[in-house]
Structures are given as structure tokens and as C-alpha cells.
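Could you have a look at this structure, given as C-alpha cells, before my questions?
So that you can tell them apart, the chains are marked A, B and C in the order they are listed, and the count of residues begins at 1 in each.
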Amino acid sequence: MGISRRQLLAGSAVAAAGALGSTRGLTAAPRAAAQSGTLTVWGWAGTYEGIQSQIQAFNQKHPDIMVNVQTFDYETVHTNLLNAIVAGTGAPDLCAIDVVRLTQYIDGLVDLSAHRAEYEDYFVPPTLDLGSYQGKLYGLATDSEPVGVLYRKDIWDQYGIAEEDIETWADLAEAGNKLNQDSGGSVSLYGMLANQYQLYEVLAVEQGFTGYYFDETDTKVIVDDPKAIAAAEVMKQLWDSKGALQNFGTDYYDDSIVVLKSSQAASLLVSPAWFPFYLTEQIPEQSGKWRLMRAPAIEPGGPRVGYQVPTIFVMPSQSQQQDLAWEFEIMGTTGDGARALFDLTHILPADAGLLEELESQPDEYFGGQKTFELWGEIARDSPKVFFGTGFTEAQAILGNHLQQILNGEKSAEDGMHEAAEEMRAKLNKS
Amino acid sequence: MATSARTRPRFVAGAQTEKDTAITEQRPRVRATDLLIYAVLILAALAFLVPFYWMVVSSFRPTAQFFQLPIPLVPNPPSLENFETLFARSKYGRGLLNSAFLAIVSVILQVWFCALAGYTFAKLRFRGRDALFVGILTTMMIPLGVGLIPNFIIMARIGWVDTYRALIVPGIANAFGIFWMRQYCLSVPDELLDAARVDGAGEFGIFSRIVLPVIRPALASLAIFVFLSSWNDFLQPLVFLRSEDKFTVQLWLSIVDRQGNMSQPAIVMAGSLLASIPIVAMFAVLQRHFIAGLTAGSVK
Amino acid sequence: MALALPIPARRETAHPLDRGWRRAAPYVFISPFYLIFLAFGLLPIVFSLGVSLYDWRGTTPGAFVGAANFQVLLHDPIFYTALRNTVFVWLGSVPPMIVLALVFAVLLNSQRVRFRSVFRTVYFLPVVTSLVITGLIFKFLFNPNFGLMNRLLEPLGIAPTNMLADPTWMKPVLILALLWRWTGNDMVIMLAGLQSIPGDLYEAARVDGASGPQTFWHITVPLMRPVILFDAIISTIGTFNLFAEPFVLFGQDGGIGQAGLVTGTLLYKNAFVYFKFGYGAALAWVLALIIFVLSMTQLKLGSREAD
């Protein structure tokens, strides 16, 4: 198992730049002790490339360490990491995982909190918080995922909808009614799926629930809190709007591309920061027509934020090279490593310095708007979110009850109460 | 038994080899029922083909056109983009070779051991036979995912992680294979075996020289099923393999499918198309082995 | 199946070793299979039987909870939804598939039909595709925006709908996908089975003046019974384990109204996404029991009638 040939993918130019030595984010490691061994990293496409690009720079400092980057697909990485921890052998030194699954592996991961103070400023908030659980830091994120609304300025202008007039979700629902009327039903304002927990999560964050479905101690389920019920009612309002394209597909993001491409929908309600790049790739013909705006608030004057789920790199405690692994993790997620990843994936970086650089850049696809500046603002305004135990199951349970609420089978109050009860029973929470 | 083609009954199975049929059959006038049959067969063929055809067309369209309507009969412009991306992002050629190796070895081992064991359960009498067989059957009914993690722990302990052994050896105990072989062997005439025993043939000789030729259709079909299931398997390679050089075709397809957060169906389609070709070729060639009538031969 | 062979009286084999070997042979023949089966088949299963009694989530074995997992499971409405859906899919796909497979096999085995091998290859094509691809193909076929299906239905006056998000249509779409994907597979099984029927039986029937359909019902079907039974049982097992196609079509939660949630997806979700192994193991055991009961019923029904 030598150095992965995928180095070529990241671009030799970047690797050369990395060889000049990344000065950010590295504490001077003592060169005297020549360490040898292998450093193994697991990830899936779009996550590990930052680390990949830093292999040459890393080897300049540690020439006797062989770096082995292994790539699988998303599901496999999670299964294999679990297998390795349970079997007690075969875990990598660094592993990319979806942050929502963090709590499933915690017992087998290294607590990285000792490093936190030093690197607090290197990352855009709330990156270090979401990589932590109950006060302990476990992983660094490869990207930052604030959420906003994307809209087609040309269509909005055509039908007289102005961004400045949209302050609350109710405003958006109203605008949808008007759009439907004016366009004779040919254009919808936005698409919605009946089990769209992603939208609920935006609203939950706006309501101040840093645990999305759980309280800050991660012991209580809060989806039947009056504020959560209010959020569900907002969703119902959005669903009932005539400007809503209901159940336009089965996969929110994949199928959104289709309805956006055909101009059937004029906006995307829940756009995490990683989505615009796919727009530019899949719908290049609409370049210049899009804009980014903050998510509307629930109440006038309320928070207009949202945050989704980045990928984080964690360190299994089986690792024999924990110091080196940390060093490499920092190299891969900050400075030149972050830049290499961004160049390849165009996903909003979690590295504060890189984001600052990007903020001044106008985005052509968005008609010259400085989207990175706005993303940065939304990220910094986001509360310290975290992902508790049983998160994925909670998402599914909520999605199921949400469907019944939106379809009118239940009231928001009943639906959320039932969802809460089911979560309490299945997730060992109160 | 020479009979004129005109009076040969329609639903004759295994009476003669295909070769004989082609020579002696004369074309009588076409009956209405024949037309109906052909109509049904052709309709069914179209139904089976159309989705497959869409897969072929999508593979040869430029990647960005994947979601675009209308779907043309011939890609315009035809493009190898998907294939290029596939090979750039993976070691797909190597993957094809790996999958082929695994499949062929699995076929040889599984067909042999399942035939041997299946025949034993069907035709040999011994203590505990039925209990042992039912035991195997019932494990078939346990969902596959259940044993995955304990299996991994076992493999980790014996050092078989990232080896092909881990993929090939457990597969030999293929409960479906045994079930299939046993059911099929039930139809082998007992008199055949008794006669052979009377003639002094050993048990193993009976199996290899008398039974095997008779059950050729079952062997050929099992070979195809085992090949397919090995070729399409992605759960096992996923859990047990670590080195890229060992990755199989299905593993690569799942890897290239996800780029960051979005899926890449066009590339997966192209890869699947490539992966389908060897099996289709194999089937086209092998099919005569489970069609030709063979029991007639054994009677002589 | 009387053969015109004289069967001489059995000679007692004199050699004791020979007799001993004949007694031992069966065990020797099945031992490679059985040893591997014990190590890699039975052992993991027994392990998971134990796991179902613990609250195993993620990396920690958790506490011993006895039958608690089973209790939660049997009170979980989602489990019953998945069960109902699976039974629906089973009814809609297994009997039709067996019938279709048998009919195609008989037709494509008959000298009356030309280009048989071409037809057989075409019918087998879908089986060649992996399960994930099958799911993808049908997902795109039924996509409300660019799927072929809606294009076909438009001229018939049916408005384009998103069948994949409509609880009424989700299972029929899945059934269609399964019929497309697996009929060729069953056809091959039937074809192989047809070869075991000796030709003279058909000749005798013809001489007696039996018609095609009569031959089919009175000779072919009864003699194909072991094979048909095999097919029925493995299709049943397959349906309850079905995971890849519905997963791709409807997502891991079974889509709108969970109308596409089947037991296979439920098991996968609990075991490999939520990492709830205790609960997952309990689910697996309950499913295994259901499959066992169904299979034994089919076996009993199948072998009851004597020729």
C-alpha cells in the first residue's frame, strides 16, 4: 500500500504549492525524532482531497511516514469504521464521517479537546462546536454549511416579487400565491416534499434549538415544544401556498435540479452552501440569473439562519500515530489543504482565512453577488449547533409525521406530539 | 422416433437436441395461435429491452445531458465522456478483471460442492439427512445483513480482511445452491443409480460419471446464478476489502457514484453497461447447456 | 417413470471396506459444505441471536435487555407498515412471476418458436443488471419530469403524475420493477427444470391425442413441482429481504406515507444507518420466523397432492 495514485487528481500544481510549506496551522514538530510508519486516511469523493494535496508537504516534514488514502463510498466508510472499532482492529488514523453519525462512534474516538484553544480562530463558527459533543472536540469539518434561499431574479422580477419584501416565511407563502395567480400556474415559487425534514431543521435552528430535535443536554426531545409546533405550522403554511410545487420528486436535491432546470420552480427553499456549485455544473445556461438571500424568519425580526451537516474528520483511538494524525488533519482542513479541497469541490470552506479571501469575490453565476460574504455572515450568525444521539432516526421519525401534518391528516400539534412520543420511545430520551 | 414435423406436438421439452430439430423441422403453414404467441413474445421482449436501451443511450450521452428531455433514439452528440470520467476516477479496468476472477473461482467451487452435497441430500440415505437439510434451509431464511458484523469480527481475527479468501470461502456454503441442486437431483431416476451400484461403481464414481452429465442443465444454470451473484455482489467486497487494487466493479461504481454530496448517475450507468457485457456474453454462450435435452440420452 | 431396463438382483458387495465407504460417503460428500457453513454461516447467526437480547447501539454492546427489543418491535406501527407493504409486494410479484416464467420457459423451449435463443437472451438481460441499477432505471423511468412512463401515458389521456411519490402507485411501480428484473431469472430456473422431463412422456401424450394445454397441465406442471416449489420459496425469501430496489426508488424511509417501506429496507436502516444492532437482530429473527412459516406452508401444500 503505497502513496495513492489519486494524488494526480488533486492537481500537481496544488501539490507543488503545498511543497513550499504551509505555515498556517502547524506547531513546529521536532525534527530530531525520525518517526516511521503508515498513516491511513479513509474518505469518500469530495472529502479527502484536502488531505491528499498535503501529502507532499507532510512528507517533507516526516519523510519516513507513508500516507495511505483509501476511498470508499459514503455508506461503506461508515460501516467499515464501525466494524473496525467493534472488532478492535483495522481502524484508520483519520476517517471522514457525516457529522450526524458522530455519536455512533464516540466511544472509539480520540478526544481532541486539548487542541481546541489553539485552533479556535482558524475555523468559521460554529465548526468546532458541531464537531464536538458534550463539550469534547472529536473532529474538524471539511466544509461549512450555512443554509439560505436561492432564487431566480429574472423570474422574480418578471412577476414583481422583491427580495426586500420577503421577511418572514409567511411573506414567501403569500408571494407564492401571487406568483401562481399571475403566471396562471405555469411557474411555482418553490418545490416542497412532504417529508422534508431539512426545512424543519432550518426552522428549528431559527427557533433556537441548537440540538434540532433535542435539548442542549441531549437528554430531552423537544419537538413538541410550542416553538417546534409553531415551526411545523409555518411549514404547513408554506405547503398550502398555491406557489408550492408539492412532492415534485423523491430526493430533494437531485430532483430539485430537474425542476429548476426546466424553470418550473423559481427558487430553492433550502440551499446549503454546497448546492450552488451543482447549479453551475448542471444548469450552466442559467448563469447570472440566480441570487442568494437569507432564509426568511418565522416572526418579523427573528433570526434568519440555518445550518446543515458537514463532513468531519475523526480520529479512532486505535490509531498508533495520534500526534501525526492531528498534524495531518490540521494540514488537510486549513491553509493549503482547505484551498485544494475548495478548488476541487467549491464547497464553502470551514477555514476562516480562506473564507475571508473568498468573501470579496463576486460570483458570476449569481450575477456578481458576493455570495461567500453572505454565506459567511449566515454561518457566523448561526447558533452553536450539535448533533445528538439517534439523530438520523429522529430525522426519519419527524419526516414521517411531517407528511401527515402537511397532508392535513393531523394538526401540527397532534403530529408533533406523536413524533415526540415516538422519538422518546425509540431513542432512550425523555 | 421419427415423426413428421407437421404432427409433432407443440410443447415438447427435451425430446431432441436443438441440432436435430433444426435439420428435420419443416415449416408448416403459420397458424393463428403462432402469431399470437409471437406477438406476446415480442411485446415482452420490448418491455424487457426498453429500460435497458435507455441505459445504453444515457451512457453515451454527454454527462450534462443525463436529465435532459427528450431521450433520443441515438445520442446526439454521441459521447464517451461518462466512460472517460469513470476510468479517470477509478481503476475500473482492474475492477473488471478482479470481478471476473472472483466470479469464475466462485462458480467452480460453488457448483462443485453444491452439486455434490445437493445430490447427497437428494439421493443418498443417511442418518440425520432431513434434519441437516432443513437446518441449511432455515438459515437461508435469515436476512443477510444480520451476520455481517459478526462475520467481519471473525475475518478480522483470522486475518482474512482485505483478502479474496474472505469473499470466496464463505460463499461455498451456498444454501440456495444446495437447495437448487437437491431439488433438481430428486428427478434423477433411482434405477439409474441402482444399476450403477449393481455394476460395482463406487459412490463417487456414480456422482461424477453418471449424475453430473444428467444434471447438466442444473449445473449450467447454477453456474450462471453464482456468476451473477458474485459479479453483482457489493455488500461483501464493501466490508472486507481495503486495497484499491482488489476492488471489484460494483465497489468502484458505488465509489464514483457519490461526489461530495450529489450522485452521479450518468457515470454509474456507463459503468454498469460495461459490467453487463461479460455476463450477457456468458449467458448467450452457456444457454444451450441448459436447454439441450439430455435425459433422453441417458435412457439409451 | 418406468424404464424398460431389466434390473438384476442385487449382489451383496463382499468387500467390507466398500460397504463402510458407502455408509460414510454421504457424510464425506457434505462435509466441506457443512464445515464452511458452520464457521461462516451458523456462527454469525448464533451470535446475532444473542445480540437481539442486548441494547446494542453503535460501538457499545449495551445492557442486557432480554425481550425488550422484541416488545418495542411488536408494538411499532412502522414494523407493521413494512410488513403489510412486503406482503402486498409478495402477492403482486411472486405468483405472476412464476406463471410468466413458466409460460415463457415452455414457449421458449418449444421447437415451434423460432429465434428462441435470441428471445431467451433478451429476457435475461434485466437479470444481468445490478439491483442498484434496476432501482435507478425505474427511478428515472417514472420520474415525473423526464421519465418515459409519463410520456407514454400522456397520449392515453392520463396526466403526468409523480408515481414515485404517490402512495397508491409506489408499490405497483416496485412490483413492475421486480417483474422486469427477475422474470428472466425464474425463466432460467424453469427452463432447466423442463429438461428433466423425459420426451417420451410427451410422445405418449401426443399419441393419446392430448392437446397442448392438456399436456401442459397434466404433464409439465406436475412434474415441475419440485422446481416450482423451489422458485416459490426462494422468491418468498427474496421478497422479504428485498432492499436495494426499494431503497433506490423510495429512499431509506420508504417515501411518502412510507408506502414503499419494505421489511428489507427497515432492517438495513436499523442495522446499518442507525447502528441499532439489538433492535435489528430482533427484527431479523421475527422476519426469519415469518419466512419460515410461509415456506413450510408452501412446502406442505406443494407436496401434499400425489400424482
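Assume contacts are C-beta pairs under 8 Å (C-beta built on N, C-alpha and C of every residue); 3 or more make two chains touch, one makes a residue touch a chain.
Note that the structure is predicted; figures quoted are calculated from it, not measured.
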With contacts defined as at the top, give the pair, B-C or A-C, that has more of them. B-C
Identity of the chain that, by mean CA position, is farthest from subunit B: A
Between subunit A and subunit C, what distance separates the C-alpha centroids? Give it in angstrom. 40
In whole angstrom, the CA-centroid distance of subunit B from subunit C equals 14
Residues of subunit B touching 2+ other chains? 67, 149, 254
Taking each residue of subunit C in turn, which ones touch at least two of the other chains? 145-146, 272
Touching at least two other chains at once: which residues of subunit A meet that condition? 75, 79, 82, 86, 258
Which positions of subunit B touch subunit C when the two form their complex? 1, 7-16, 21, 25, 34, 37-38, 41, 44-45, 47-52, 54-55, 67-71, 113-114, 116-117, 119-121, 124-126, 129, 132, 136-151, 154, 169-170, 172-173, 175-176, 178-180, 183-184, 186-187, 189, 191, 194-195, 197-198, 200, 202-204, 207, 217-218, 220-221, 224-225, 228, 232, 234, 250, 253-254, 265, 268-269, 272, 275-276, 279-280, 283-284, 287-288, 290-296, 299
Contacts from subunit A onto subunit B in the complex sit at residues 1, 4, 9, 44-47, 70-76, 79-80, 82-83, 86-90, 253-254, 257-258, 261, 274, 278, 281-282, 284, 345, 347
Could you please specify the touching residues of subunit C with respect to subunit B in the complex? 1, 3, 5, 7-8, 10-11, 13, 18, 21-23, 25-27, 29-30, 32-34, 36-37, 39-45, 47-48, 104, 106-113, 116-117, 119-133, 136-138, 140-141, 145-146, 148, 151, 180, 183-185, 188-189, 191-200, 202-203, 205-206, 210, 212, 215-216, 220, 223, 226-227, 229-230, 233-234, 237, 240-241, 264, 267-268, 271-272, 277, 280-281, 284-285, 287-288, 291-292, 295
Which stretch or stretches of subunit C touch subunit A in the complex? 57-60, 72, 78, 139, 143-146, 162, 164-166, 249-253, 255-258, 269, 272-276
Touching residues on subunit B, where the partner in the complex is subunit A: 64, 67, 88-89, 149, 152-153, 156-157, 161, 238-239, 242-244, 251, 254-263
